[in-house]
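Below are two complexes that have chain A in common, paired first with chain B and then with chain C.
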Partner chain A sequence: MANRRDTSWVGTLLAALLALLCVVPLVLLVVRGAVDGLGPFRTVLAAESTGAALTKSLLLGTLSGVVAVAVALPAAWFSQVTDMPGARVFRVLLVLPLAVPSYVSGFVVMAAFAHNGWLHGLLRPFGFEDAPDVYSLWGVVLALTWAYPLALLQIQAALSRTDPAMWGAARTLGAGPWRAFADVVLPALRAPMATGGLLVGLYAIGDFGAVSLLRFESLSYLVYLRHKSLFARAEVVPLSLLLAVVALVLVVIVLVVGGRTARGARTLDVHRAWPTIELGRWRWVAFAFCATLVLVFVGLPLGVVGYWLTRGLRLGAELRMPWDDAAHSAILGGVSALILVVAAIGPALAHRFGRVGGARALRTLTFVGYALPGIVVALSMVSFVVRWVEPLYQTFGLLVIAYVIRFTPLALGTLEDGLQRVGTGLMDAARTLGASRARATLTVILPSAAPAIGAAALGVFIAVVKELPAALILGPLEYDTLSTRIWTLTEDAFYALAAVPIFMMLGVALIGLIAGRRLSR
Partner chain B sequence: MPTQLRTYLLCLAALSLLACQPSGGGDAEAEGSGDETESAETTEGEGSGAEGAAVETEVEQIVLYSGRNEEMVGPIIEAFENETGVDVVVNYAGSAELAATLLEEGDRTPADVFLAQDASTLGFLEGQGTLAAVPEGLLTQVDTRYRSPAGHWVGITGRARVLAYNTDNLNSSTLPRDFRALTEPHWRGRVGWAPENASFQSFVATMIAMEGEEATLEWLSAMQANEPVAFPSNTPMVTAIGRGELDVGLTNHYYLYRLREEHGADFAAENHYFRDGSAAAFVNVTGAAILEASDNREGAQMLIGYLLGDQAQTMFAEANHEFPLVNGVASPDGLPAATDLNVPSVDLANIHDLETTHRLLRESGALQ
Partner chain C sequence: MTQPPTLAVDARGLTIAWGRTPVVHDVSFDVRAGEVVALLGESGSGKTTILRALAGLHRIAAGTLSIGAQTVDAPGSRTWAPPEKRSVGVVFQDYALFPHLSVAKNIAYGAADRSEVDTLLGRVGLDGYGPRKVTELSGGEQQRVAVARVLAQRPRVVLLDEPFSNLNRSLRQQLRDDTVGVIRATGAAAVLVTHDPEEALACADRVAILRDGRLLQLDTPEHVYRQPSCVAAAHATGDAFVVPVDADGRSALGPLQTTGDGGFAVIRPEQIMLSTEGNGVVASVTRSAFVGPVVQVTIEIGDQTVRALHTGSFAAGSVVHARVDGTCHRVEAPC
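Let's look at the complex of A and B:
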């Protein structure tokens, strides 16, 4: 099969350029570290807090990933292929928590589960004097579990690529549903589960919203504190490099756990729909599970933020509609999505219909910018730009570059996944009928890849709208976005005012998700 | 070659500035923006007067780095813009963070004015040579206590250090005698502080100036051994006190008022002023300075002059519950008079030693 395709040089070149850009922050970090000398490294390595923070980050990354997958796997299975009541609605609702950023979910965890929080209020009459301590590992893991849809989306996509015939065969041969699930479905989902867990784990170690609200001294929290400090800024570089190492460890763990068995699963060249699996009386258990998820991860944020809003209105807060911020978010998201889709479509097409030289290596490199926490990417760029490319400093362009670096794998991954559904036969047929490669791509392939392109653009759009550290650190002066507005308002306890941009962010995501479903149908 | 490159980069910088400046861009282009801004500080009108256009000022834009947040400063800036027609571009962030940014940007900084939430950050930058002189006429509007003796920054408003406490768990008779008592076993795990915060570091710097390094380190270490709860900033600390998650916290006086406004009158926290002349009774400033690297001194002075004016002082007092520093402007309702706080006799100008502060905080383990 491989030798039937010729190496696409254009595709390889484009992929290489993109990969090169994604590695820039890491290179800048290493160079900066070398220039600064050993001093900051010594300080960081000698500090007691470093070891503790390292352990906390590793624990946080692993646990968050595992918990998210444990939540996402049943949710994906129930909503995608079973007769659970309301499965179709759940398919959208279950993804919605993705629109709740960690700098909001941290507040939700505090309001709902901390001392004197809602849960404590309910339990106190029954003699519970002390609420469990949310300012701890479990509190932060809970706050970051809002990111479980990252895993859910991976698993859903893999499920729809998996051949349902295997399941049918297993059942026909007498395997019970549990056995069939364990023996046939689970192996096929092992790779996406691993990837999904990795995405959540990386999100967790790079987070600085939930960790700072819940005062959990992970590495990213230290990086954030050092950046804000007048004297210890030099320590940002060694701490960031350490964080990069943690990211690498997570990637390696996932490669070891998830890499091998993926081969056993049969991936379809042609999309084949799953039959609806009947759960019997278990369908209500499934329903209760998914409803609880929606209640906790969608209901609670709406409740907490709604409470902020009504309390503020009762006390006479004057609300403002942050239209400017919303427009900035939309423009940033739109421009980044457009650029990324255009930049990624070439390599993605080459990957599907041609052959990209060194594809695996290039693929891995594009992951560097995504694996590095947003705050690290932003900080690595800001000091370089101030010194050497000052005209770019505090500009819209720099922010978009940062988003391209951060979110390339998001666009590339979705496009490649989506293009899997466009059969290679289509290209061959068009070529046989005399169309040039370019013409075939333009008139046949791209139109049939429209759903994938739409999905990729939406994914990037939502990620950019939510993104905080880069917008905060690299953005132009007075270019507030929904995310920076929410952050600064909540930081200074203007909760009622913050409610409006939070609802706007949820609204944008909901519209995006529904549009995405339409597109991919 | 290098000079060519520099010119090229400068042109690019000028172009990008123009591109980011939607209002009034046309005028600036017509007059050739590069020369125009530079001439602002030196000339009284010999060159530009020929155009015969602008009234007294050619200032079109001022860049402000503000360590106070937008909700508090924004309305005052807006009033200034409406009154003068000058566009103020503001970079809002933490005071220490902005100071570090100013050092990093060096003479390439776009900032003209720095508004910091504490005196020690300003004193530190003064020592680094980052700040330009504030004209005498502006300096003398506030008491000598609240401005730099070398004349590089001037206080705008005052903010008192207090011990915020939860009113359900404590009352005035169960509060500590003084801040030193917080190291007693009785207070273990019940005290909040924000070692990263510039105001807290100013308090420590005050203690160093009053009692010396050794005594300060001793107190910090004893505190640290008493397991205080460390917060990244003051707002979440006072929030935790109001929620009853924490009993007391070393903070500034005005957070309480913001949180009361947000949570309602039943927010269970109150301020305790030590009034004992100790470092914990110290009154800090929100102060303003002009950047040495700014080529827009005239604009910078205009803005600072406005912040010291009656209207801005009243807004600071009413909306933000801070103590006005300009003579003759009254303290906001419900606050003790600034003269009634028995503040320590140490000069604000003597508390610039943030480097020692930082070292002691680290040695004691308070800063990780």
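Let's look at the complex of A and C:
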């Protein structure tokens, strides 16, 4: 601990600037909205499409959250504490769907389950003429179920914080395994389940990739359509603000529930290993459940992409390696990662080793930034820039600025998490060994924080490479990235051509995810 | 005329606060050159806070703190030296070794003379450990590295923050003796923070007993044990019974030989002699517990319950004769 009476003013200033950066999109929208006056707001509020889109967004968020938790709870329990065959491997495999961006899972749903898709092709010889309509709520919910690891990670973390002695106590007090699970495990998991479900809901409500490909007119797709239309552009700002408000309400609920977890749960500081719970015959049921998840959410994307690739090649399609797109993605990712790590390391160190004034308020601001949907960030910049700084529109610089704003919470969060593993005692030790604060930071703290810095840089890089709406809306003309290329080709139903960039994307995202987990250990 | 020995630490009227809450109140003590002083107390007694203030990791709210001839913290005269400008070294409770550096580089980090690293490794019994990663070492080995790292800076004062509490019991005593021996050999003074009375009494030249941020007593191990300044100080160094005693030495446990002033006498368990017949007051045995070298016998005398140490055990309910051997120190009732 540093001296508690010292507030680091430099650290506080840096942290405040960075936290304020996170809410810039909201400010831009409010400024533009104020200038435009009440007219567009009245139009939006009066339009039938607004209510319909809001309903669809809320329905989508709720269903996605519930489905994700229903999938994640058994998966977390089986892989974390039971003798299910391969439990250890599943702990990694079950998280991998997180690497699949929603426009790719949207692609998979279309290419695998739509009319004339892969499954339809398999079943047609048996007389199935009509495939179910995937351009629907259930199609989008399915595509967004790829986000279930967000809930899984919450539940896994809560399980490892829960005192396993409670399980033993319940069993020795005469409860069978089902009753013990229901009586002592489930209550401890209630808050993380809620948080996990809310995070998935937030992801679903802010999603652009899947809803746009599956033409599901939720708020985030409607606002994009308005942006594209010639006559209704004025509605973009009010609709963006509405979407932002919905997301913020969810964030407030997440913060309240999260706070309750921290206070209410009987959690451990020291990690105590759970005993391996024997499932008996059920272990193969558990195995089948988890294997199915991995097959559907990791195997299926790879399989479907491979299917369309070989089918395209057989029909004589020309294979074009999207090196330019990949280079654009890599440059954007690299530049954003570099800027963000440099900008965030100071505040992150100040939070960990010093005392930052108003730290809790700053954290809340950052979380608000995390919650803002990508499409809202992108459109807020457009609405501001086209009105006041026109030359910046569709430039590389503006896109990087958007990424820095959008992923500041990610960079800061990853760094702070990583720094938690650097003992504050190290700073004290270096100081008493004769090092000044600056030398201690350079020679001890930064080297010890190298994994955290690496994880943050990698996390931002992968996030930028996967990001779609900003690249689509703000990117320079003729400056396609892997993500915009995949989206455009899929939207135009060139599945075979989309296959190669998707392979690249999945390769980068999977390697990034696994490497990131390794760095954070 | 000889010079008085210089003081390694001189603390006058230390008051230390966490935020606005004072946790150490007006504590004064000194540590002479080459001396080992233990700060003994429960958690919350302020002992670690004092250590952090000595190290420069926490500022004092009032008082004066000097290390050697240097005044390092005096809020009154706006004097403050940061940790790196003080001649102190700290062995932290969790050792705080730098995980990205080898054993040798950890020791060299603050070293006055880098060529000494190998010598120091030898002195703490870790010959040839230089290139190893600190994360691969056992707890005892890490502790030795932490000691070597501190000695390499040649500090005037070594501060030890519960450095043995994370170690196995079997390892603890050996390492404790080694560590204190190595530090004494360098001529540095040491301040040992501990909650273990045995550790404090065995290692230190003088023991400071702290409770609730106040210094109760500072004296040699024998004095703090045999002549506690108050009831709380007596309890801090081990099992003790406090019985009322009149001016002529009469008590519920028979006549006592006493020193000091006050209406109560402190009796240690090993002073209570039990026998089946002969002299002494009559007591009934409630329990005998075999604790290894001796048997802990709980007896009742009137409404007093005391524990005595004896070589054999007595059946519960049997009647014994008890008398108090040696001198007891008188204290006032409250502290």
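The rule is short, and it goes like this: the second predicted complex is superposed on the first by the 370 of 521 C-alpha atoms of A that agree within 3 Å, B and C clash if a C-alpha of one lies under 4 Å from a C-alpha of the other, contacts with A are read in each partner's own complex, and residues count from 1 in each chain.
Operating definition for what follows: a residue touches a chain if its C-beta (ideal position, glycine included) is under 8 Å from a C-beta of that chain, and two chains touch if they have at least 3 such contacts.
Predicted model only: the values in this text are computed from it and were never measured.
For the composite obtained by overlaying on chain A, chain B and chain C can both be accommodated side by side without a clash. Of the two partner chains placed by superposition, only chain B is touched by A:Glu491; chain C is not. After overlaying the two complexes on the shared chain, residue contacts for A:Val108 are found with neither chain B nor chain C.
Considering which of chain B and chain C touches more of chain A, the answer is B. In the overlay built on the shared chain, the residue A:Val44 is in contact with neither chain B nor chain C. Touch criterion met: A:Gly434 reaches chain C, while chain B stays clear of it. Contacts of A:Leu415 after superposition: neither chain B nor chain C is touched.
In the superposition on chain A, no contact is made by A:Leu482 with either chain B or chain C. In the overlay built on the shared chain, the residue A:Lys228 is in contact with chain B alone; chain C does not reach it. In the superposition on chain A, A:Pro391 makes contact with chain B only, not with chain C.
Superposed on chain A, the gap between chain B and chain C at their nearest CA atoms measures out to 43 angstrom in whole units. Residues common to the contacts of chain A with chain B and with chain C across the two structures: none.
Of all residues in chain B, only 9, 12-13, 15-16, 20, 63, 69-72, 89-92, 94, 96-97, 99-100, 104-105, 108, 110, 121, 124, 196, 198, 229-233, 235-236, 239, 243-245, 255, 258-259, 261-264, 354-355, 358, 365, 367-368 touch chain A in the complex they form. Within the complex formed with chain C, the chain A residues making contact are 1-5, 423, 425-426, 428-437, 443-444, 447-448, 450.
Across the complex, chain C meets chain A through its residues 18-19, 55-59, 82-84, 86, 88-90, 92, 94, 96-101, 109-110, 149-150, 153, 159.
Those residues of chain A whose C-beta lies close enough to touch chain B in the complex are 47-49, 114-116, 212-213, 215, 217, 222, 225, 227-233, 311-312, 314-315, 317, 383, 386, 390-395, 476-478, 488-489, 491-497.
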